[in-house]
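Next come two complexes built around subunit A: one with subunit B, the other with subunit C.
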Partner chain A sequence: MTEKQIILVAEDDPGLNRLISFKLQKEGYQVISALDGKEALNAALNENVSAITLDIMMPFLDGIQVLKKVRPVKPDLPVIVLTVKSRENDLHQALELGANAYMTKPFQPEQLIEKLKQVLGSI
Partner chain B sequence: MIDPYLRILLYIIIVLAVIITLLLLVIVINRYLVSVNKAKFTAKKQEWEGLYLNYLQGDLNLIEIAGLMKDKKRYYWLWRFFSPYLDMLDGSDFDKTKVLCREISLIGHYKQKLEHGKLSEKATAARVLGALRCKESVTGMISLLDSKHQLLVQSASLGLAKSGKSETFFSAARALLDNTYFTYEGATEILSAYGESVAPLMVRFLEGEIEILNGETKDESLEKKKKPFELKTVDPSAYNSVMIDLLGFFKYREALPTLQGLMKEADPETIVHILKAFLSIGEMPANIDLKPYLEHRYWVVRNFSARAWRLTGDRKAIPILEKLLQDQSWWVRFNSAEALSEAGESGLEILRIKAEGPEESAAAISSYVLRRRGVEL
Partner chain C sequence: MDAMFRKEISHVSIVFNQIKDGVYITDPDRRILFWNKAAEEITGYSQEEVLGKKCADNLLVHTDLAGNKLCSTDLCPLHKAISYEKATTEPLIVKALHKNGSRVMVEVSLAALHSASGELIGGIEIFRDVSEKIELEEQKARFFSSLSHELKTPLSNMQGYLKLLLDGDAGEINDLQEEFLTTIYKEEQKLARYIEELLDMGQFEGTDYSYQQNMLDLTALLESLANSFSAEALNKELDFNSNIEPDLALFGDRERLSQAFSNIIGNAIKYTEQGSVSLKAVFSEADDEIGITVQDSGIGIPEKDRKSIFEMFYRVDDKDVRSKGGTGVGLYITERVISRHGGRIELESIPGEGTTFTVYLPGLKKTQEQ
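Take a look at the complex of A and B:
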């Protein structure tokens, strides 16, 4: 039996975090949720995650800082950054730091799943 | 017999003690009620969340979930529950959420409040209907923009911004600047909710402004375009400044030529906003000549020009930066020294010479910046 891929959902809004996690679980992924940057960094470094969906605006450590710390340790880990439309400028920095893809909120969770499959190389 | 003065003192002490006890009691009861209310809302939210996720997934249909969620006493809780989803979701999930909000009468309730509610209810209604992108409520929200209550103007502007109706941008900008005490930053924050789609509109508007500055204003369509900007209370440059800030915020590179054109005839305050926008965008038009701004009479313009110099790296400006090391403003001296420290070996050499030289201010700031950079003198 193939093992389920583990996706780290780093999103500080609990409702949205659960919604993304719910949709990913329905797609057959295993999910680890993080509600702030510190939790996200800890999970990204210590768990065997296959990809991260990373919100940029998070408490304690923002997504950019998380990415900065994760990239040197896990250079090949697929990361999709999420941000609100009015802060699209952060995306340039995230992409320069090695994010594989991005989505601006509002978004359709299905599009996120599509993008996730792309970065995981499954489509 | 008790001394009458002592008796009065005793009365005062007793009255004060009673007042303090009552106040403490009110605070304790209030905190208790808030925490009970919070716990109830959290429990309800969890219950709704399970239903909502199943509805989005198609495991519950509209009639079933509406029957379970409809709660006439708790429209505000429902709004608080849906609010983050409405901000974050798009496409079919957003549409399904909107249909559900209509089915449980949340939309109908707030439409009614937008028209007939109390002040705070109208304000909430504008935010709710904006977040739900209810196009049919745009007219009602626009009518609130001329209210004398700042809360209504703010909420209506935010509601309009979220409703996705770009064409209301100028009305909201005018209202925020004319009818409220918002600073540029406050207005920019609210208007940024319109998203980058309003950037081309702002560029067109600012291009009209350039034509006016150049005396080419006889275009009727332009006059019409500027009609929403009949001013009431603020300086006309305030509108330009907010739009320039927003273009910088959106990092809208396409605005660079327009900003450059506007800069030539602009007042010092507007020039500062343009230089800040260049810094936010991280780019400046290649052919810009910073010399007049580095030598500007207003120190803030000199300061931001020195900061923006690194975007061009124009070698011709280096002698001016060197001169600015003796500027009367510490910030101008600092940013000029910082710019020189980024100008390669020749810039560092200037700082080394100045650090050892006789001009006190230049020597102090040069040494300071070199030390900060870890460069040996």
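Take a look at the complex of A and C:
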């Protein structure tokens, strides 16, 4: 494998963030973890990330606001949003703002990795 | 007759004016003859303003919770009560118009009125303002939804970490460690399922006021269930047939009916190892009833358990049943939902050969004009 792809994991639940990050690293990705929306936006704009897994409910800036700010700058960056089933409106909004895919919580890390490979076009 | 009826009304008016529920009495043509004090308070209209009018004359103009007017004769609950002489068995929740243009959530009960000689002389509607109760129930629903998220997240994370350990992603584990971790993993899955079912029940228990009562397309609802369950049946190599009559409709709560039918169909698939599961829905004109039948060729339900399976937490004491997991909440919820819709469930079963559940619900078949 050449240069490792960098995935930004934006998720405010530390347990889930570490779980996703660990699994991604096992799969050969490099990971940047963000535990709130501000960190996520900062990393999304300033780092050379290949994709984002973006939780919607996060402190400071939610995933929707992050997406709104990132999309104009990086229109082709694959984004997978993580949502709770009961918040369908969030999901609709995220997809309208150009999210490429979504996962409904709770999910297992393997499911997320499969989806990630899809949006990265590597399967 | 009319004069006598009016005299009787004036006698009971003293009582009706004391109670907190809105009450109005009409003649057989639904023209208002009496309108009590509580009705004045709930709607803003005084008795003088409404006498001789119909409730559709810009007075209550009931709508279902989605805002569809119920004043066309076929849908008007008072018309139904008077013409078919059918009193409401369960109160309906509808929205009524206030004089100031706002809408008030009311729970209505209706009946036809007869003279001593049995002649139809009018109708009565009793309505109660339930706006506050509904607000409380909505709060409760929001609470359960966030509680559900809060409980599921750590459980799901635990599953994820256990899986990492079991897959050897965090280093090799020995056989005994694998055995114990597997046990934790399975127990954790059980716990997650129980929590899910209990949360489901929490959302149903004691929340009668949060029932959405709208005109709904039952055919579409059942077809979409058939669609998702046929995939599940296919996974178990079972035949899944559905035969749903077009244009079936009823007044009810989509989410809850969907859950009730999912429980029955889900059980049929869960407890059937070979053969088939079928779903059928037909309208009976004679009874104004829709019959929904779910038939399976599964393990069946022993005679002694047939009554109890609808009780909360009841599970048939059998190792094949226990091995499938579950808390015994599904059919309890189902029975509650169906009876809340004025329906009933019938059950036939031959152990070892299969089970047939039939749900009867008051409903209608939409004609072209509707």
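In this section, the second predicted complex is superposed on the first by the 122 of 123 C-alpha atoms of A that agree within 3 Å, B and C clash if a C-alpha of one lies under 4 Å from a C-alpha of the other, contacts with A are read in each partner's own complex, and residues count from 1 in each chain.
One rule holds in what follows: contacts are C-beta pairs under 8 Å (C-beta built on N, C-alpha and C of every residue); 3 or more make two chains touch, one makes a residue touch a chain.
The shown structure was predicted, so the numbers you read here are calculated from the model rather than taken from an experiment.
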Superposed partners subunit B and subunit C on subunit A - clash or fit: clash
Partner with the higher number of touched subunit A residues, subunit C or subunit B: B
Which superposed partner A:H92 touches (first subunit B, second subunit C, both, neither): first
Touched partner set for A:Q108, first subunit B, second subunit C, both or neither: both
Partner chain in contact with A:D13 - subunit B first, subunit C second, else both or neither: both
Offending stretch of subunit B which, after superposing on A, collides with subunit C (from 1-9, 37-45, 217-225 or 343-351): 217-225
Common interface positions of subunit A, toward subunit B and toward subunit C: 13, 15-16, 19, 22-23, 26, 84, 86, 105-109
Subunit A - residues contacting subunit C, complex: 13, 15-16, 19, 22-23, 26, 84, 86, 105-109
Subunit A residues touching subunit B - in the complex, by the definition given at the top: 13, 15-16, 18-19, 22-23, 26, 84-86, 88-89, 92, 105-111
Residue ranges of subunit B in contact with subunit A within the complex: 45, 49, 53, 56-57, 81, 84-85, 87-94, 192-193, 195-196, 249-251, 280
Subunit A contact footprint on subunit C (complex, rising order): 145, 148-149, 152-157, 159-161, 163-164, 169
